[in-house]
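Both complexes below contain subunit A, partnered by subunit B and then by subunit C.
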Partner chain A sequence: MTARLSCENLTLSYGKVTVLKDVSLTLPEGKITVIVGPNACGKSSLLRCLCRLQSPSQGQVNLNDAPIHKLNTRDVARQVALLPQKTNAPEGMRVRDLVIRGRTPHQSPLRQWSLADQTIVDDAIDRVGLTARAEQLLSDLSGGQMQRAWIAMVLAQDTPILLLDEPTTFLDLLHQRDILQLVRDLQRDKGLTVAMVLHDINLAARFADQIVALKQQKIVAAGAPIEVVTQPNISEIYGLDCAVIPDPHYGHPHIIMK
Partner chain B sequence: MTQKLPVILGVMALALVTAVLSLRLGVRPIGFVTIFEAFTTFDSTSADHLTVRQLRVPRAVAALIGGGSLGLAGALMQVLSRNPLADPGLLGVNGGAALGVVIAIWGLGMTTQGALVIPALIGAALAATLVLLLGGTVQKNGPDPTRLILAGAAVGTLFLAFTWAILILSRESLDVYRFWVLGGFTGIELKDLLSLMPLYIIAVPLALISAVMLEPLTLGDDAARALGVRVGLTRVVAIIAIVLLCGTTVSMAGPIAFIGLLVPHLVRPILGAGVKQLAIGSLIFGAMLAVVADTLGRVILPGQEIEAGAMMALIGGPTLVLLARKRREVAL
Partner chain C sequence: MSEEVATCLGVDITLARLITLGLSVALVALAVAVAGPLPFVAFVAGPIAHGLNGKNRPTLLTAALVGAIITLSADAVSQLMPSGFGLPAGVFTALVGAPVLIWVLLVHYRKQRS
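This part shows the complex of A and B:
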């Protein structure tokens, strides 16, 4: 189950403010792409364009070589799932209720809830390790568990492509690692194509197959972590003086700020 | 679900029993035997039989349908606006209906409750259309709930200002209007009920469909869009359902306060957060509350009747205060 998501010459502006300028990008199938860059470089907007939450001003996004903004919204939702940056669930909602919502694009008045849906929901909850908490209220979960519940929701959507917008923002160090490891494990097991926005370059270098670096609305570097996370690149993108060393565990590039 | 079902069935039973009891009560007390005979062996010369069939049954049915509609509309309104204090009256329908009524009293000399149904409906429809257009319903991304409520408040106030201008000009209008504005189910005749029935037959199923459609929107607009939901379309359907339910009810019974605001708060702790459950629960609770208010109003003061709208305000105010003190979710 693979699907190809790419964009060509994407330009996005709100009025006179340009957010993205002439961005072309292909998500490698069955790999993790991490989008990095300073604040307001357009990385979240790029992700929003990729899942047609935002219509570009120029250029287009292609899903399996068809322009995504012309496809049926439900068909797109069966191919591309998104975990938004800010999530809010209504009070009184339980973990299972949230995960069930992931089946929305597969439901219709003619196709009701089935045993297969039930199995997919149970599996998704199991994969994120929340089976014992499936009937708990979301408001009773910790930040890390809450994020796992949302990941289970997008897993239940059962799409070949998964987009995550800053999935580690409100988590402590340990949970940041756990969530990204979970994404990596899921990606390997299911052969998913993943794109996510991250702020932490070191985490990006560790969990990405491809890093795309944006600066001032444009892609300035793209490639394997070892090619992108270099001292001159970091200096250009962030204006930050640093040293890059191989991390002692796995040898991924690791930046040390001056 | 197993422990919720008895509560729902209990509320339904309470609504129906009260509705049946209410057939007995009124200025003219009528026994159950006579009520039963009014259906089995109807005698068109019997004043009692006529009262039961022409007035009391329509009144009880109107309370059940009207109360249920307001409860259902309130539930949709709170989900749509993500605001637990939202009331369907915020969409300006009540102001429109009031203006329609006052113009009919002042300009056309209509005074009976039954005659005011159509003018109120026209006024409500006009106000609702204006609110929908100003609220951005025709925009590409669909209506924005905040903008919609602002438009509703503005249009509602404007229509009320016109209403008061006319009332200041004409004292007779004020006498009829102040009775109408309390809201109640007295004076609703079988033919009024029947003429409004087609609107309810469209509005109630539409509202229930809309509840199912609104479910994913509770996760936020982005998450809902990513799940393939057409957010704008969903909002438009919900608003049309709310306006139909409220507009029809306010035309029939006047602006009855508190049901739309209060009922979802009573239902939520019992049935949980699901929009479907909330909608169905609010329909049933609203019907129960309205028929209880209407019946209590007939027995609480001997020899006098208190309108359901006033009864509802008497019950609703303290209940809301209690709920706000007890449960933090109401207090925001």
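This part shows the complex of A and C:
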């Protein structure tokens, strides 16, 4: 199951403030795209447009070559899942309750909860390593476990496209690596098309197939990490003087700030 | 759950809101038409149910039961009054409910300040 998500000449403004200017982008199928850029460059807005949370002022987002804003919202939810940057669950919710919510777009009055749904939920919880904690309250989880529980929810949604908005923001180094490794494994095993916003260029270079760099509401560079993460690009995008060296483990470009 | 998450799970939020609002207005209208106005029950039943239930469990069912008990007791008291009084049950729910509500608000206020 694959699906194609792209946008053409996307422009988004709130009143007089332009948030995205003429952005065109296609997510390569079965690959990880990482969107990077300085604060307020439009990264999150781009992601929100891609999953139809935000309607663009001009241009359009296409899902399998049909304009996403005109599609049935439930049909879109079976194709595209989003993990927002800030998540909050109601008090008293347990891990399994949350993951079960991921099956919402597959339910209807005519199609009730089935054994297949149950299996998908169990698999999703197992995949993120929370089987032993499935009956625990979300409020009793650590930051890393909480993020895993939410990833399990979007996994249960069983979509070919997964969008993640800064999935590592509140996590320490080890958990950042674990979450991104999990995303990489999922993409490999299930052939998911992933797009995520990351702040850390070095993590982006390590886990991305394609990096899209935004600056001042526009795409300024896009391509493989080795093409995008270069000294002139970083100094243009962030105004930061740095050196780029190959990382000693895998050879991905790694920036060292001056 | 946030509205973002709901939308991404394929829920039409506007439609869901309309249905919920319409349904609750219809149910309240029906109840008031049959039983007459019974003030303060909703204010009191919720917090009591929350206290009875403890944290981490849905309070809807308990709240409904507590509300029913309050309403029934108020009705019983008004029926037991000597026939000359003829006070409606709503007066008793208000008599009991208003002080309880003030007490709940005070407790909440103190908790927030500390």
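Operating definition for what follows: the second predicted complex is superposed on the first by the 258 of 258 C-alpha atoms of A that agree within 3 Å, B and C clash if a C-alpha of one lies under 4 Å from a C-alpha of the other, contacts with A are read in each partner's own complex, and residues count from 1 in each chain.
To be clear about the criterion, contacts are C-beta pairs under 8 Å (C-beta built on N, C-alpha and C of every residue); 3 or more make two chains touch, one makes a residue touch a chain.
On a predicted model such as this, the values are computed, not experimentally measured, just so you know.
Visitor: In the superposed model built on subunit A, check whether subunit B and subunit C fit or clash.
Guide: When both complexes are placed onto subunit A, subunit B and subunit C end up clashing with one another.
Visitor: Name the contact category of A:Ala89: first (subunit B only), second (subunit C only), both, or neither.
Guide: The answer is both, since A:Ala89 touches subunit B and subunit C.
Visitor: Could you look at A:Ala208 and tell me whether it touches subunit B, subunit C, both or neither (first, second, both, neither)?
Guide: neither
Visitor: Just subunit B (first), just subunit C (second), both, or neither: which does A:Arg74 touch?
Guide: In the superposed model, A:Arg74 contacts both subunit B and subunit C.
Visitor: Would you sort A:Leu5 into first (subunit B), second (subunit C), both or neither based on which partner it touches?
Guide: neither
Visitor: Does subunit B (first) or subunit C (second) touch A:Asp97, or do both, or does neither?
Guide: first
Visitor: Looking at the overlay, does A:Ala152 come into contact with subunit B only (first), subunit C only (second), both, or neither?
Guide: Neither partner.
Visitor: Indicate the residue numbers of subunit A shared between its subunit B interface and its subunit C interface, in ascending order.
Guide: Common interface on subunit A, subunit B vs subunit C: 51, 53, 73-78, 80-82, 84, 86-92, 101-102, 104-105, 157.
Visitor: Under the stated contact criterion, what part of subunit A meets subunit C in this complex?
Guide: Against subunit C, the touching part of subunit A is residues 51-53, 73-78, 80-82, 84, 86-92, 101-102, 104-105, 137, 157.
Visitor: Tell me, which parts of subunit B touch subunit A in their complex?
Guide: 215-216, 218-220, 222-223, 225-230, 268, 272-274, 329
Visitor: Taking the complex as given, what residues does subunit A use to touch subunit B?
Guide: Counting only subunit A, the residues touching subunit B are 48, 51, 53, 73-78, 80-82, 84, 86-93, 97-98, 101-102, 104-105, 157.
Visitor: Per the contact definition, I'd like the list of subunit C residues that touch subunit A in the complex.
Guide: My answer: residues 1-2, 4-5, 7-12, 55-58.
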